[in-house]
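Chains: A, B, C and D, in written order; residue numbering restarts at 1 for each.
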Amino acid sequence: MNTFGTLFRLTTFGESHGPAMGAVIDGCPSGVPLTTAQVQAALDRRKPGTSALVTARKEPDQVELLSGVFQDKTLGTPIGALVRNTNQRSQDYATLATEDRPGHADAVWRERFQHRDPRGGGRTSGRETLCRVIGGAVAEALLARDVPKLSLVAWVSQVGPVVAGPVTPTRAQVDAHPTRCPVAAAAAEMERRILEAKAAGDSLGGSIDLRVDGVPVGWGEPVFGKLKATLAQALASIGAVTGVTWGLPGGMKDLERSGLDFHRAPATGASAVYGGIQGGLSNGEPLELRVFFKPPATLAQHAKEGRHDPCILPRAVPVVEAMAALVLADAHLLQCARPHQA
Amino acid sequence: MNTFGTLFRLTTFGESHGPAMGAVIDGCPSGVPLTTAQVQAALDRRKPGTSALVTARKEPDQVELLSGVFQDKTLGTPIGALVRNTNQRSQDYATLATEDRPGHADAVWRERFQHRDPRGGGRTSGRETLCRVIGGAVAEALLARDVPKLSLVAWVSQVGPVVAGPVTPTRAQVDAHPTRCPVAAAAAEMERRILEAKAAGDSLGGSIDLRVDGVPVGWGEPVFGKLKATLAQALASIGAVTGVTWGLPGGMKDLERSGLDFHRAPATGASAVYGGIQGGLSNGEPLELRVFFKPPATLAQHAKEGRHDPCILPRAVPVVEAMAALVLADAHLLQCARPHQA
Amino acid sequence: MNTFGTLFRLTTFGESHGPAMGAVIDGCPSGVPLTTAQVQAALDRRKPGTSALVTARKEPDQVELLSGVFQDKTLGTPIGALVRNTNQRSQDYATLATEDRPGHADAVWRERFQHRDPRGGGRTSGRETLCRVIGGAVAEALLARDVPKLSLVAWVSQVGPVVAGPVTPTRAQVDAHPTRCPVAAAAAEMERRILEAKAAGDSLGGSIDLRVDGVPVGWGEPVFGKLKATLAQALASIGAVTGVTWGLPGGMKDLERSGLDFHRAPATGASAVYGGIQGGLSNGEPLELRVFFKPPATLAQHAKEGRHDPCILPRAVPVVEAMAALVLADAHLLQCARPHQA
Amino acid sequence: MNTFGTLFRLTTFGESHGPAMGAVIDGCPSGVPLTTAQVQAALDRRKPGTSALVTARKEPDQVELLSGVFQDKTLGTPIGALVRNTNQRSQDYATLATEDRPGHADAVWRERFQHRDPRGGGRTSGRETLCRVIGGAVAEALLARDVPKLSLVAWVSQVGPVVAGPVTPTRAQVDAHPTRCPVAAAAAEMERRILEAKAAGDSLGGSIDLRVDGVPVGWGEPVFGKLKATLAQALASIGAVTGVTWGLPGGMKDLERSGLDFHRAPATGASAVYGGIQGGLSNGEPLELRVFFKPPATLAQHAKEGRHDPCILPRAVPVVEAMAALVLADAHLLQCARPHQA
């Protein structure tokens, strides 16, 4: 299914080498301030070609809002958005028409759909994530209006063996470095490793941390729509993601702690072990999640031309934020739908 | 929401200290062999009171099938199932009526629902998972008829600091030890630690591994219903789960490997790094997931009376299997719904 | 699918000749006053055996609330409700095991499900509607708390050739006559015709009118969830319903009127031609719908024993009300989920 | 909600006076032959400006397929389609910015969304239906591949007081006359009345009949997704529709018949009284529905310029067909998803 969400719903379409990518956001209330520039700014954060660390492909990715917005406010009708694919260069992929790319899902898709799009990765391409970023930009606009205290930031916390220590950065601090790691020393080392991998036609995985402050108490829908469950689905639906954890400030080491130790409230009064979620609902503390990415499979040919991402994590940061924003916008509307007696 | 699934749908109801727990399974095709004994056997695997390792509470948990089955075959109509709560002992909880239990979600639920059920954990209780096991039993019955090669087994792979090495056990081998860890040495050490924790009124977390053999190629619904995404949601919706990973046979260490190393096909030809999922779809190899559980919060009072689970992992094994079976039964029906040209 | 609704959701199960009928209502907010007696009262209104006009079958239909309610208030968790089938007399149906009942859907269901339940109509039985009445009772409880001005009443407006003129009755006025037609002269004539049909082993169809006052402006979800569309689905899902119209105070004759005449505001200022719905949304005027029922198919054998309903309309009145209440409760919650800027 | 369907899903967006209208069809299997020309041909059937009977507005309505189709076959990925709005002439509507149009839903939408799009009808405009026709074209392509015997045709059966008798036309016969009534004498009289209404700035309603041959036995999802219920929702979601009936070959007069008469199999062996649906499922006989339309509200100003449809029924015929095709394509996939034992 290419639709995500219950009330705040994102539907996406488009193959990486077809004419266009598109997104439809349904369920956004009316009156939310929203401009094309705002959505474009979000897209620019995931755009390729912005540093030596990421693919050299040029994709202008200009978004056009086709509906649902009038005079910079949402109408309450579905918001259609379009990005033309201008740099498909599907000739690059000509030789792929008959053979599957190692490490890619080509064989699996051919079996499932009884064909494989010879133009390229189609819906498995990372390019599909730009539709998520469009949806996330609208979700953030709604949250900014209705829950102004909420702030959501993701950053690169690990690249290969390089791990950044705990930090609570702003989005500006994250964007200040091309690795999107806000810890200077770790960022420098990550950068070195990524350039090394790039030169070697190699690639690196790692993790992204997500922190959301200001989530009201009680968001989430027991028992199958617990906040942690919808966040897990949202994040696991991103192509290269290979795991998600929440809480566990000490990482996997926390699992070795006994219950009396684990549940002991820290001196600060915070209980970060829960990652901001208890009983499946937000508990008023910061949401803290970690998303794991495997290193991308690469094609020697593309590697030679610099047309691949040796490490997708820097560009995945806005995608992680977008998926979280979509979940939270939906949780917000669902919470509104449970009126309590006056 | 208390419904899970798109075509094969489980709806659950019941509070731990109310009259009964119930499950409705909708969307199961007709003609699937199913007996009450079969469902009861599944429930008995998660029943408390079966060893010194788990809570001493006695809950007979007798299931009654109210609809959807006739002469030991499904009718194609919704299957209603009921388990009466016979051992609520809510007087134990009398003192809780006015104060929140530390480490529990009481405060969060009170904020959300503007009340808290003084009888106990209600829907946040582990008791809610028995409805999942009922659903899982029906899902397994459908899979057994339609995809007989599919086999699904989960086991305890870590308890506190004790980690069991790689293994591919049968369900019988898992059930042979009260820890549900099929690696003898690790199991013995886990048992020792759990009894120790029990004596100390303490508790332990850890991880459960899940392996599914025989999944046909191509199951899953791109892009938001990728198999890994629905599995992540399903498993993350279990109360104490604090993380999910797939692939990563070497654990978190795998994230440090470079792409050329990570994607290199092992000598066996298998590519376990993908955990059986590529492009979001099953790739024909075994599904391999790991589910992380935090140690349960305990109440001194309950600990004193032996009425708590010092380690919920042994009893969580059938719950993990049930959630996976529900996802796979749904994926199977969704795959049927995509007819290819003859 | 056996689930109805988006946020306020009713799931039903149970075959007419199985052990029990059940309903699960999910999505009802917490704190809504609700008693078993209230639900029972709703069920009693559709109970058979209450007058000479309806089937002589005795079905006590005692409801038990299994979850979701505590101390006469909803908990915000799913409400499970159960009614045991005590008077199945499936021996009556023994001879049916091998032959299809004329006018019934037996052949169709056998083709669809590759079997036919020899015990009776199963899910096609009118008995299935009691689960809808349970759901409707909860929906009305929510509406009574949150939209106290809303009042919803249905009545029999036609039986065979006997048509009752326009009327705006209370529910008490409707229940005052066994036909549930509040127009005395028409009711008497309907009664005569029904008894005549009963004596002849015959049956009668007709129509039920539905009026809802006090619906706030703007309920409904464009473009596919327009209020008239979900009402049409809800009412058309009732077994014997063969049509639905809204507006058209003059009946089908209104279709012959020209637009300038049709849209001319009546002297009263009301615009009943719209049936309370414009642009798919409630417009603040009374909702007015008409639901058409075909005469039920009868079995000579049952007719002989008085075990059939010569006219189901009197007993269908609470079912029509229940389906409308479910739609409106859902529309209310969906409307809550669209917060406007303060 | 702007999405329709469970497995075969249509999502639409676009305001009548915004930049574009769009449709996303998700869930269509791969390998279905589909060309842009095919979709364009469907759109051309609802296009305005084709005869003196309909609005003189020129809307070229050129569709562009943006995704999901490659080399004239569906890919199994979502199909995005776009139609630019080229003839908005919103200056016509300039005067409307501050006052509501009588007979339109302006006031209702303003209350609901706390604003009204001064550019025109937005999502309540009949222009929204072109997205349905795009979806219907894809649905018909799927049905043509998988259920080739199925044929679906709708026609105008009543305009104002002019009623066409029973007929079973082909689509070509329907399109042969600008009224889309295949009964010559009635068509001529309808044409005369429509031109008369046009000259008078008046409008006319009526009914459209729908007949589907070749529907396999057993389609539909009890109990809330009965085929008649989803068809009723689909058709009732069309703007001007004010009622739907099925069966009742003799019209409302059939409701006066007694059961023994009603259910008596006609000499032909057909049982048209059921409209092809029993127990909520297709019974193998032709589906027969009737859809009622109120006369459109008109604006004197538009009437003067010929920029309104005095009778929308001729242009609504392909919309009725599209909605039915969407329901049937979905029912087909849902039926595939219920595998029976081999």
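Following the convention adopted for this analysis, a residue touches a chain if its C-beta (ideal position, glycine included) is under 8 Å from a C-beta of that chain, and two chains touch if they have at least 3 such contacts.
Here the structure is a predicted model, which is why all the values come from computation and not from measurement.
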Chain D and chain A - chains in contact with each: B, C
Farthest chain relative to chain D (centres taken as mean CA coordinates): B
Separation of mean Cα positions, chain B and chain A [Å, integer]: 27
Euclidean distance of C-alpha centroids - chain B vs chain C, Å: 39
Distance from the mean Cα position of chain C to that of chain A, given in whole angstrom: 46
Contacts with 2+ other chains: residues of chain D: 1-3, 6, 12, 27, 30-31, 76-77, 112-114, 123, 222, 338, 340-341
Contacting residues of chain B [partner chain D, same complex]: 6-7, 29-32, 76-77, 145-146, 222, 333-334, 336-341
Chain B residues touching chain A - in the complex, by the definition given at the top: 1-4, 6, 12, 102-105, 107-109, 111-114, 123-124, 128, 158, 160-161, 197, 200-207, 217-218, 221-226, 228-237, 239, 241-248, 251-252, 254-260, 262-263, 273, 275, 278-284, 292-298, 310, 335, 338, 340-341
Touching residues on chain A, where the partner in the complex is chain D: 1-3, 9, 11-15, 18-22, 24, 26-27, 30-31, 64-68, 70, 73, 75-80, 82, 112-115, 117, 119, 122-123
